[in-house]
């Protein structure tokens, strides 16, 4: 077990290095020296020079001990991303935004998961009937409506017109009040794709030989579904669930924008507006790192569900 | 056919699959009966419908595409096709058990074998968990698994193919069924293991007095172990006889072809014969006798090409479906 | 041999394999015949064709500078914010322009972006996947490392990063503006899926008898890949193309909405962005028009892609 984890950890090193390389090429090499733009229109030469020094644009890109690449490696690895355009440390901004983002995405994620897995079991149970076909069609239709339309129409009708929810975040509202509508919209928008995925997983499992054996024993459909199919289907479900967790930290770009929730999605939208690539770079790196970590966790989770995977 | 020696009688059963490409008539008008304590073999090439016949008896034909469209399956005096879902579940695994071709995939990979056997036992018998586990261990010992106390808590992937098939058999016989359906139980196994598994089935039959429906494409297996044989071709039974008679004097050209393609001791000088052509597609069966395109007797006979012969009793007391079988037509006209 | 013998699931594969033997029908003939029998898929195909023809029509009007229909989206047809009427079926926007014409014009932008994004992603993914799967060894490891790295960066961030960085850059004297940076960003970030699929398939195929046979009579590696292996995995490319097209259209909408896309010409994303401010005032029609336009092409592509997959390769699933 320990050796397995160590080996998996070693395997993540080239991936993390790759992420560092890609972010460097994308944000430093291709973007180039943006100190003039950063300093603003009426900045003095000194200010520009100062920014160039701080960002390290005056140093060579590669091939030197104080090159920009080495600096990028050193700083990024310890989460030192420098300052944003408004001179605040980027890492502080990220720390501040994580809480609101998670309080939005976790209920949204759990809600979608629970509803879609239970509906998928029902639909798999009714496979081939008219309800199943209708459900699949509805899923595809739901997947085809753009996320933006879900948000805009949801906000307009439920909050603006009918006044069921507050329209916008404000500090004097309780969390439940201002999160209810975005969570609801998020669940509605994600349901189609998720339900269809879990249904496919369940139906794939139901075609297996062991399901036939279970039926031949005289088990009822319900028992076959809940005892035999569900546990085998856990493998793809766990993959999807664990790999979705890094995205929870990133928040929801569009939902946070529309409901004014001061999370990481909002931070990114602001950064895009201000063309502040260092914030985006920090988020990219953290997102990738989380993904790598949770990928590792997925692999370890498999071992608990699937006895065929030995950790040696 | 309904004397008290008969355990199961299948009467004019047809099973069709309604696919996107049309209706596949996988089983057509199949009839046979199995006597208590005897072994009945269903022989045929791949795709002839023998497995679907077995699944029809269990009412396990895959829904929604597959459907039993006609006939009766009478088991211990009850028509299985008229039972409710709950009633048939009480028969499955309890009175009629089934083992499958692929021991590799037929066991659930995420549960221990003990768990899966205990599940079957506790479903049909009122037993405590502890007693059921003891039973499971005992059954594993009975099917010849060494060290059953340890094996019972292992997962299927830790066992070899032959051992898994033994586990399947243990699961099937754990409730002492009166009929065991063995669907190509040895096809996926090594030759040496094959004989062991078949011997095990024989031995269990002696102990429990159960009947066996043995489904196979291997005539060699049939000769040794079956009491009665039905030969299936393209979704129909073409000949039924007791195995000794069938081997001595096959009536249907297809059976004759199958026998000629079997290697036999002492006849090594001659080349083995083959049946030319391939099994017809269940979506597009040829008109008339389905065997006629491959038949050396009737391939140019107008009647064989247009009218399909039904399975009938011929004067010698056997059942066959061929216009050329001795006495077939005489019987037909009267 | 076939699933029919096992009796349990008689699926299309089982029947298809069987048929191929006596009649020599190919995968494509068989698959397309099966596809043609699905009514919903054919209706979807019709819808897709309408969108494509519209795109072609807008392109032609632009090339020849015809002043008809969607090409005159910039024209003032009424007063500001006119609700839908017989004259302007989707009403007018804040400058009194026809929302209907803007929607039609937006079709061209979206389809063009999705098309070029597909071309780029296939152009990178298919060769890389084929090379990795065929040659294995160090080449394979480098390519796998590359796509594992790329796929560990959350997609939305990667695409935003590319769009942000590429925007306004000058490459070979060509300034990347508007939709060019959008489809480059989408294309460069979305080849991982198809690359992984193709690599897997090529590994499966490269030791098959027909490849060994080709090698035995002296075919070179490039010839084997192009003439023997690619045609055998081509249906996967087609299926992937039709299913990822939807994602590209939606990505374009989000990027345009975030202000990283087309600025000067109407696109669906820009229309939604405009509607964001209009909707609270009760001007719902621009939003509705864009939603409907996106909904129907997405629905059609989803249904058609699924049907295509089921007909050509029932075993292939969404990764």
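By letter and in written order, the chains are A, B and C; residue numbering begins at 1 in each of them.
Everything that follows uses one rule, which is that a contact is a pair of C-beta atoms (placed from the backbone, for glycine too) under 8 Å apart; a residue touches a chain by one contact, two chains touch by 3 or more.
All values derive from a computational prediction rather than experimental measurement.
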Original post:
Chain adjacency by touch: line, ring, star, complete or other shape?
Top reply: complete
Original post:
Of all the other chains, whose mean CA position lies farthest from chain B?
Top reply: A
Subject >> Between chain C and chain A, distance of the C-alpha-averaged centres to the nearest whole Å >> reply: 23
**OP:** Measure off the straight-line distance from the CA centroid of chain B to the CA centroid of chain C, and report it in whole Å.
**Re:** 49
Original post:
At what distance in angstrom does the C-alpha mean of chain B lie from that of chain A?
Top reply: 52
Original post:
Which chain C residues sit where two or more other chains touch them?
Top reply: 8-9
Original post:
Considering chain A alone, which of its residues make contact with at least two other chains?
Top reply: 209, 212
**OP:** Indicate the residues of chain B shared as contacts by at least two other chains.
**Re:** 60, 100, 102
Original post:
What residues of chain B sit close enough to touch chain A in their complex?
Top reply: 58, 60, 63-64, 85, 89-94, 97-98, 100, 102, 105-111, 119-120, 123-124, 155, 157, 168, 171
Subject >> chain A - residues contacting chain B, complex >> reply: 127-129, 208-210, 212-220, 227-228, 231-232, 305-308
Original post:
Which residues of chain C touch chain A in the complex?
Top reply: 8-9, 145-146, 148-150, 152-154, 156-158, 160-162, 164-166, 169, 246, 250, 253-254, 257-260, 269, 272, 275-276, 279-280, 284, 287, 290-291, 294-296, 298-299, 302-303, 306, 317-318
Subject >> Complex contact set, residues of chain C against chain B >> reply: 1-2, 4-12, 15, 18-19, 21-22, 34, 37
**OP:** Name, in rising order, each residue of chain A that touches chain C in their complex.
**Re:** 14-15, 18-19, 21-23, 26-27, 30-31, 140-141, 143-149, 152-153, 156, 160, 197, 200, 204, 207, 209, 212, 246-247, 250, 253-254, 258, 268-269, 272-273, 275, 277, 280-281, 283-284, 287-288, 291-292, 295
